[in-house]
Amino acid sequence: MFRTDERRLDQWERRVEWPLTCLAALFLAAYAWQVLDDRSTPGLHGVLEAVLRAVWLVFAVDYAVRLKPAVDKRRFFTAHLFDLVAVLLPAVRVLRLLTVLKLLNRRFAGRVRQRIGVYVAGVTVLVGACASLAVLDAERHHPDATITTFGDAAWWTLTTISTVGYGDRYPVTWEGRLVAALLMVGGIALLGVITGTTASWLVERLSGVEGSVAEAERATLAELRPVKAELAALRAELEHRPGV
Amino acid sequence: MFRTDERRLDQWERRVEWPLTCLAALFLAAYAWQVLDDRSTPGLHGVLEAVLRAVWLVFAVDYAVRLKPAVDKRRFFTAHLFDLVAVLLPAVRVLRLLTVLKLLNRRFAGRVRQRIGVYVAGVTVLVGACASLAVLDAERHHPDATITTFGDAAWWTLTTISTVGYGDRYPVTWEGRLVAALLMVGGIALLGVITGTTASWLVERLSGVEGSVAEAERATLAELRPVKAELAALRAELEHRPGV
Amino acid sequence: MFRTDERRLDQWERRVEWPLTCLAALFLAAYAWQVLDDRSTPGLHGVLEAVLRAVWLVFAVDYAVRLKPAVDKRRFFTAHLFDLVAVLLPAVRVLRLLTVLKLLNRRFAGRVRQRIGVYVAGVTVLVGACASLAVLDAERHHPDATITTFGDAAWWTLTTISTVGYGDRYPVTWEGRLVAALLMVGGIALLGVITGTTASWLVERLSGVEGSVAEAERATLAELRPVKAELAALRAELEHRPGV
Amino acid sequence: MFRTDERRLDQWERRVEWPLTCLAALFLAAYAWQVLDDRSTPGLHGVLEAVLRAVWLVFAVDYAVRLKPAVDKRRFFTAHLFDLVAVLLPAVRVLRLLTVLKLLNRRFAGRVRQRIGVYVAGVTVLVGACASLAVLDAERHHPDATITTFGDAAWWTLTTISTVGYGDRYPVTWEGRLVAALLMVGGIALLGVITGTTASWLVERLSGVEGSVAEAERATLAELRPVKAELAALRAELEHRPGV
């Protein structure tokens, strides 16, 4: 019975994967429209708000549907933590778009570093876009704000995630600073992953560990083979001697 | 006799571990109260000051108690350098709270990278909280200060430890700059540990050193086994030949 | 027939390598002159513009000449992506100057880390020079610009690529910010490569993987050799026994 | 004859090592005095200038003395590049003080990571002190200067080498910016070395490459030993059979 539930869950996840990704794209589009079009009529604003809430509802329903048949609820929580965060935090939902990267993944199967590169680039662009929108939304109407257009917001995002931080633009509201905190953590992680990938590539290429091991092993095998041949010859000789 | 002292020291350390951690939490709370509540009455201020001094005294006594039975004083100094710093520097005492992380440690036993992650996160949060309080304490009453509320101080701590450094807030007193120096060293170390952990994970996953070695060794063993079997057969044949 | 085309392409590439590098140097010189000499007469300006366009034309023709005989057009695109970018983006053309580094490469053959160092230094200097010129070109005539001389531009480039970012100078036009974006990506990559190279060197020097493997293998071989000798002796004995 | 020269050179280097280090300390002290004591009398200024020039002369003479007996001048240039830079650039001379670290080196013999840590800390402190003095010397009398006291200079050095870069203080003269450029390169290198050391330590501790190799090898050896024993037994049997 457990197995059936597990399989049904798998089927469900595969079936809703692409629709949910499209919904995430819709969410990003609606959110961007809402933030960027500051002079939208109340009617349009209501439509966009409805779209955002509907997407949220779909994500919440999907989470509930998948939670219900799960046998070990606690394991489900830890394994699907990202999904829970996506339900609770609107902006995270957009990261669902990374599913699109699975198409690229198929091309880079086996080449782990290329896949890491594609994911890092994808996450950086998506997080950057969302952070720009969120910080613009938070700062725009503050009297002391230095970030008042999307161009400013994108520029600020760039200077923050690269840890350059000129200081010509910076958030002054606490929502904006929260976005900044997430971006900085992202920037540090970004540096870590880029450096780590480079280092691992260099270690592999330069230290020649694999090469030297393979060579040493080949030497051992080369020594072993004549031993085997010798033994076989010895045995053959013993067997075919008539007088023994 | 040495053994008895060593064992007594061990027992002492295990017994005082949790009380000292609680005292560290009390210290952090009293220090935070003193710094944040700027308009506290002289009476309350006196109480908080007394608490801070009492905690300091307990830590000093604990150090003295442990130093006394130590046979090799010099080895004790190098092994318990952190404890000495904790006695001399009030803010470091708070890092005792990291003992709480030992609970998590038990869950991640053997998974070194997760433990490093937990420690790095714990140290960063605690150091950040203490640095925010300390810089606020130092800057607040300076005429040119840009850091005058706890929100400002926390934001400044974040921009500093991530090495972004917008420059919208920065310390102007020498105490504040000392806090900044410690934070920057911490920020660089943080980057180093995050990058290093990522790199080591990637090296392990991608270079496949272990895998290739294991495989090569398995090949060698596979070659060795028939040699052994052949030898055994040869011996058996020789032994059972009647005429030889 | 394919082979002939491939060989012809190879010959072409080897023949045009140095002339194209010289053209890239000419391009850099003409571009620098155009940007730095702000009060040039219209006549001189026209000459420099003509030089820049002529160089562009040569690069485009070279690309077309090499694309034509290529059998697998798609593979050509991915393999010569840099050349296409060099045709479309003027500034990239200057990186052709890195061909000069091939001279150094010959000296460091086999020493991968030195070659990486030379390339990183070369790319950093060339990218820095081009970025300084490009940002000066973009910012100079903007009313709010803080970058108005080549000295300012070079100083800004340095603070950006090192991710220090004081904020005393920063671009305000979108062209200038695009240059900044490329520089920041470059700065992060630079950090990654430097760190990675250091890490790989340390891993190689300190972990002693190669050494331990080689030693272990030597021990195995030392054990194998007497086995072989024993077998040879055994066989010799069996063969030379008259009575058997 | 070559050998004699080489040995004499070695003797010379060992004999002048400590005197030159003392001279470097004297140089740093005189330079610091000259920069910090802005209102020194012309007489004192003349004495300090004479000391700086005398130290320079001694370093130049030492270089010449060592260059003369060198058989392969070109190899001498590349091997003693640092000494030539130390003669040409006054500030570099101070790095001679790192010789003091050799005392620590003896304690950490074999522990490469501790030695790297000690060197990095030593270089950082010395470079930071010299950069603070040099930038103060360069900026102090400029009308737009933001760095006018040694405290400001030290604070600026700290924000620069950690790549935080608040922008509350920054150099405006080209000499100050040159110092900044060297500091930034140093800051990037510092990050690289710290990260690399952490990564290498983690790789060694976590990937367990050495351990797994040793274990696999032990398994192979365990298989080999009975083969050897078997062969010895076989031979013994054949030899002691009377009738064969």
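Letters are used for the chains, namely A, B, C and D, taken in the order the chains are written, and counting of residues starts over at 1 for each.
One rule holds in what follows: a residue touches a chain if its C-beta (ideal position, glycine included) is under 8 Å from a C-beta of that chain, and two chains touch if they have at least 3 such contacts.
Here's who's who by UniProt: A, B, C, D = Potassium channel family protein.
As the structure is a prediction and not an experimental result, all values here were calculated from the model.
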Numbering shared by both copies at the subunit B-subunit A contact, with half separating same from different: different
When subunit B is superposed on subunit D by its C-alpha atoms, the rotation angle in degrees, nearest 5: 90
Of B-C and A-C, pair with higher C-beta contact tally: A-C
Taking each chain's C-alpha mean as its centre, the one farthest from subunit D: A
Rounded Å distance, subunit A centre to subunit C centre (Cα mean): 28
Centre-of-Cα separation between subunit C and subunit B, whole angstrom: 40
Residues of subunit B touching at least two other chains: 159, 163-167, 191, 195-197, 199-201, 203, 209, 213, 217, 220, 224, 227, 231, 234, 238, 244
Subunit B-facing residues of subunit A, complex: 112-113, 116, 159-160, 163-167, 170, 174, 177, 180-181, 184-185, 187-189, 191-193, 195-197, 199-201, 203-204, 209-210, 213-214, 217, 220-221, 224-225, 227-228, 231-232, 234-235, 238-239, 244
Residue ranges of subunit C in contact with subunit B within the complex: 163-167, 195-196, 199, 203, 209, 213, 220
Interfacial residue positions of subunit B with respect to subunit A in the complex: 151, 155, 158-159, 162-168, 190-191, 194-203, 205-209, 212-213, 216-217, 219-220, 223-224, 226-227, 230-231, 233-234, 237-238, 241, 243-244
